[in-house]
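Here the structure comes first, spelled out in structure tokens, and everything after it is commentary.
Letters A, B, C and D name the chains as they come in the text, with residue numbers starting at 1 for each one.
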Amino acid sequence: MSKNLDINVHHLTRVEGHGNIVINMKEGRLEKAELQIVEAPRYFEALLKGRSFHEAAIITSRICGICALGHQIASLKATEDALGLEVSEQTILLRKLLVNGATLQSNVLHVYFLVAPDLLNAPSVFPLIPTHKNVILRALRMKRLANDIGDIVSGRAVHPITPVPGGFTHIPTAGELKELRRRLIEEGLPDVVETVKTIKSLAGRIPDFVRETEYISLQDKNEYALYDGEIFSSDTGATAVRNYRDITSEFVVAHSTSKHARHARSSYMVGALARWNNNHNQLTEISLNAAEEMGLKPDCYNPYLNNVAQVVECAHCVEDSIAIIDRLLELGLKNEKPNQTPTKYGVGIGSTEVPRGILFHEYEYDRKGNIVFANCIIPTGQNLANIDDDMKKLVPEIIDKPKKDITKQLEMLVRAYDPCISCSVHLLNVKFINDSED
Amino acid sequence: MNILTKHEHTPLELYYPEMAEITAVNQFTELEKWFEIKLPDGKELGHQPGQFALFSIFGIGEAAISICSAPTKKGAFDICVRKVGMLTEKMHQLEVGQKIGVRGPFGTGFPVNDFKGKDILIIGGGIGIVPLRSLINHVIAYREDFGRIIILYGAKNPDELLFPDELENWDNDPSIEYHVTVDQGTPEWQGNTGVITTLIPGLDLDLDNTIAAIVGPPIMYKFVLMALKSKRLPEDNIYMSLERRMKCGVGKCGHCQINDSYVCLDGPVYQFSDIKNLPEAI
Amino acid sequence: MSTQTAPKTKPQIAFFDFTSCEGCQLNKLNLENHLLEILEHVDIVEFREAMDDKADAYDIAFIEGSISTPSCVERIHDIRRRAKILVALGSCAVTGGINAMKNLQPIEDVRETVYGKDKYLFPTLPAMPVSAIVKVDYEIHGCPMSIPEFLVVFKALVMGKQPIKPDSPVCVECKLRENECLYDRGMVCLGPITLSGCDAICPSFGQFCTGCRGLVPDANKNAMLDILTDHGLSLQEAEKRLLLFNSYKQPDTFK
Amino acid sequence: MNKHNLLLQNIPDFVAHLQTYGEVHAPCQKGENSFSFEQVTDPSRVVLDYARTLQSIRKYFLPPTERLLNFSLTDNTFTKVAIENNHRIFLGVHSYDMKAVLKLDFNFSHRTPEINYLKRRENCTFIGVSYEPDDYHFSRSVGITVENTEGFDLFLDRHENGYTVQVLTERGTEITKDFTALGEALEIPEISRQFKNKIKFNYNRLPEVMEQSWNSPVWEEVAQRCVGCGTCNLVCPTCYCFNMVDNVDLKLTDGSRDRHWDGCLLSSFAAVAGGENFREKLASRQRHRIYRKFKYITDKTGDPWCVGCGRCTAYCTAGISIVEIVNRLSDEFEQTHLRKSSAPVGQKIQGVSL
């Protein structure tokens, strides 16, 4: 069968940042299937040069408003690693609480507002307001709860204020945390249960597509890794974070202002589905039940089900937040000052899981505490090659469908990854192959 | 001692407006609009010429506007508003029958009783004619109490002249000496052109018996005062009305202060001798 | 609704993003408690981040992000032509924000660091606020834009009145909240010359003001630098701190 | 006048006792190095030994933001706002802050008495406490001693193990009579408290100094260093300027007219529509601030409108000192006017020996 197909989705909607989907098929031969990243480059690593360690996280938080907290955490960990700053258990617990809040927020936003319209054949969430008012209200309530974790612990959810190298500039009160705990139990848990029901009812509309790939995430002996851990690959097993370059081995392609990454194969996947595949046995019972209910099974190779894994993580984040608050209250909140006295200077690496996958920051500091070198490796950048590979497999499989449907299914594929494009565009010091901006 | 009862005046709820009704509207120019306003139950505002009130539209705010009718007008009063910003723009959209909040009257007006028996020289530049109109209408209403009435009125161009019908009446009234000038004439304009100060040298004044009342933009005061000075009009005979930013109207918010004087209490009408030593006044 | 303040029809509004982190857009979606109320007053006709629809004309266009490539310039001109009112949203759009930090280094150097010998593949301009290219009617400052300020401007525009522009510094709001000044904790802070409207949120959470909202009109920068150096920063550090979010300079310095 | 003795260890009990008469508001730790008046729920948080609070108690009578009325846009009407006037006991007020309240009383009752302020002032009891002047206090230079009891119902004067309690009013008697832990007042020699910070001239000469200082170069010099942040206005216990704004809710149906503190140091304070700003220059705004403290009202009442709390100086990030400004002007005055007019030089010194 010979077929010609030309798809060009300019500035894909309902994703964060600017990307185009370009498919080119000539006489049945797929010449091009790529997600072009056309976001204006922002040169963050250059901006960081010469900046003091007080300012690094403030700047990197602006890489991305959606994963601001993740960038901040990775940045703080890199700085603390480089300067030898120890942090307290309270600091770690508060950071984990923030990571849960940010993950919950992002996953709810993505599943309800960006993906659900596809499943319900709507151009956006707005037409769904009159028809699905309760669902929307629930989504807003969950987002508010997640953002309130951010507001209370870090001052505000977008570009958090209080997390600084060595600790926090402000500690929430026990009263505020107790109130959060109450809401997590009284609103959060029931809303998660309802969300699972909603997704279950829509699960039949999620495209059936399978492509096995390498799944990379953090892994922590003690818990489902979101804040910390070693790098784990489904193909090759564990690697220490300091060897992250061996894993990400980035390369540049012409059609993207963001670089691509590959490890054991031509591409790998990071994000909720990778975490699920690698670490599902560390999830709590409620989360595992949720997964079962929605039909998500370990070693899942359907990238569209990344969204279902995100819902499973929502359950985990709510439950885990309750446990963290209990631990914080048990320890008793202390008005600690951040530890900002460097014990050394040099290179530091910080990594953490953000909703879209594993994130690395690496800084080198001079003896004045100013950055001389910076590198940030962002999840969406790592996923780009995988998305292209998915498209290459998917297009021939659905080539008989009308173009409109093919386009939609491709858009849904890209959205399933929840790509964070503005985030993925950071400067890189590598050679380009050809081509220019669109 | 109870702090509420030890004052010469009873403490008042100073910030609640009365809701008054717009009973007539007249668009004079593109920027200036005239309104007639009626308080509930036909109550009188009880103002003196030169006083002002604070007008409010909920959701937008308040602005100080001079009352431009004389107290002799009963049952209602007039204001004339220049559209310069947020509130004044909304005021321009008001129609007959709608309500507007009024607080006042506030400030010190012209001491018209002291003016009795004197010649009255009125000098108004631009929108300055608005507060002066209450004085003009007052002296016209009590014509026999006063000597000569001389009105000098200057505007940028003929289109910006306010109160057009009344200007004609003043012009036609043999008991009023009315002179008008525009900075820039039009082909149809037959009258004077030139700034308002050009009208002053030609005046023949009974210096000790003449009261000058001046209102205009800040820049005008300087030149008019110089012109009057060179005519040797005594400083005590000169009155002027000043405009400042104003929030409360009752001497509390501090915005309208000129050195140690509060425009909302001590002004807006000042005797020149009272402010000539205030470096911030003019 | 009152006859005196009611809008005649629902304004059609649109959101556009340029070079930015999209945090401001997200912050809008973080209006959870208000989102549905907002939607009662307006029709959102374009919002790429959240919907597929496109429109030809807008009563109010909200612009997020800096202008930093030739294609941005084209696009913003196009939006301006279609929009009755254009509002710049957030630091990137209002002042150039953190993006403009790249302007501090010679642009050729930056591009070379980034793309090496292929630097000419990716056309780039100094990062500019929207107002450097087209007329901006209103500005909502902050990184991210402050939600209370967004609501003030939004309500004013929907009511057809001009929003009041803040012109006092953050210290004013900090004092209204009776915060302990960070200088009294041995820290430094850009609150004294940074435009208010954020309710002094950073100092209230113990963190220094980064100047993200831009400077007050006629800011006395020399006095600010004196303050910073008196409190332990070197002049170079002080200047850098001041430039964190305020690197954009008028175009003639880019010749 | 009765005197008692109150031991340090009995203070929490004393606070608890006061709570039976009304809300107790007292200085508590705020932040790391600061204090602030707060309603006391836990008597152990009360700190009577403090230099100054971030804000004076004016915040209770003229709140930072205050709702003046509620309006409805639907029917273009408004409703009044109830003015709270709970019974409040202010414990641990310094003499200068009390004096500042008395000055605000004047501002809000003079010519057009304002019910909002005065009603809040109505049911208040004030308990003063002595303090040790720090580097910024200069109340003595404006005629207010540490032990000045004007305005207080009770006054607590510190000694080694506690406080001598002076009962000054009937109200003072009422709230102490059932407190059994008060002991007999001790015989303690009066301590003279040293102020390190002083204005050179006696305060009643300052209007005269100001009279001659309108064109002084000092204003421009201060303006060079000042960042115009308005802190000096906003922390001053005798500043009372405010702004009024209408706020509308998101339904666009209701709203409120609110007032909030403003400051004459801020750039648009005297700006009017159309672009005119009557005090456009920072130097002229600084001059206005100082004249408001030492000349304008002082000419009328004889009292300086600064109470020497030192807040504007302590909290100025630029380190601008009001005492320094006044002393610089005084020096200039001395050099250019006193010398020329050969006025008896001794006269100016009265204030200095304090």
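Definition applied: a contact is a pair of C-beta atoms (placed from the backbone, for glycine too) under 8 Å apart; a residue touches a chain by one contact, two chains touch by 3 or more.
Source: prediction; values computed, not measured.
Visitor: In the touch network of chains, how many steps separate chain A from chain B on the shortest route?
Guide: Minimum number of steps from chain A to chain B: 2.
Visitor: Chain pair with the most contact pairs?
Guide: A-C
Visitor: Between chain B and chain C, what is the gap in Å from one C-alpha centre to the other?
Guide: Result: the chain centres lie 43 Å from each other.
Visitor: Quick check: how many Å separate the C-alpha centres of chain A and chain C?
Guide: Centres of chain A and chain C (C-alpha means) sit 25 Å apart.
Visitor: For chain A versus chain D, what separation do you get between their C-alpha means, in angstrom?
Guide: 53
Visitor: What's the distance between the Cα centroids of chain B and chain D, rounded to whole Å?
Guide: Computed value for the inter-centroid distance: 38 Å.
Visitor: Pull out every residue in chain C that's touching 2 or more other chains.
Guide: Counting only residues that touch two or more other chains, chain C contributes 2, 4-5, 159, 164.
Visitor: Give the residues of chain A touching no fewer than two other chains, as numbers and ranges.
Guide: As it turns out, chain A has no residue touching two or more other chains.
Visitor: Which residue numbers or ranges of chain B touch two or more of the other chains?
Guide: Residues 58-60, 85, 98.
Visitor: When you check every pair of chains, which ones turn out to touch?
Guide: Between chains, contact exists in these pairs: A-C, B-C, B-D, C-D.
Visitor: Give every residue of chain C touching chain A within the complex, in rising order.
Guide: 17-27, 29-30, 32-33, 35-36, 39, 44, 47-53, 68-69, 71-72, 97-99, 101-102, 105, 110, 113-118, 121-124, 143-144, 201-202, 204-207, 210, 237, 240-241, 244
Visitor: Mind pulling up the chain B residues that touch chain D in the complex?
Guide: The contact residues of chain B facing chain D are 2-4, 6-7, 9-17, 19, 56, 58-62, 84-85, 88, 98-99, 101, 218, 243-245, 247-248, 250-255, 257-260, 265, 279-280.
Visitor: Quick check on the complex: what are the chain D residues that touch chain C?
Guide: 30-34, 36, 54-55, 59, 64-65, 73-76, 223-231, 234-235, 245, 248, 250-253, 260-261, 263, 266-268, 282, 315, 317-319
Visitor: Quick one: in the complex, what on chain B touches chain C?
Guide: 57-60, 85-86, 89-90, 93-94, 98
Visitor: Looking at the complex, which residues from chain C come into contact with chain B?
Guide: These residues of chain C touch chain B: 2-5, 159, 161-162, 164.
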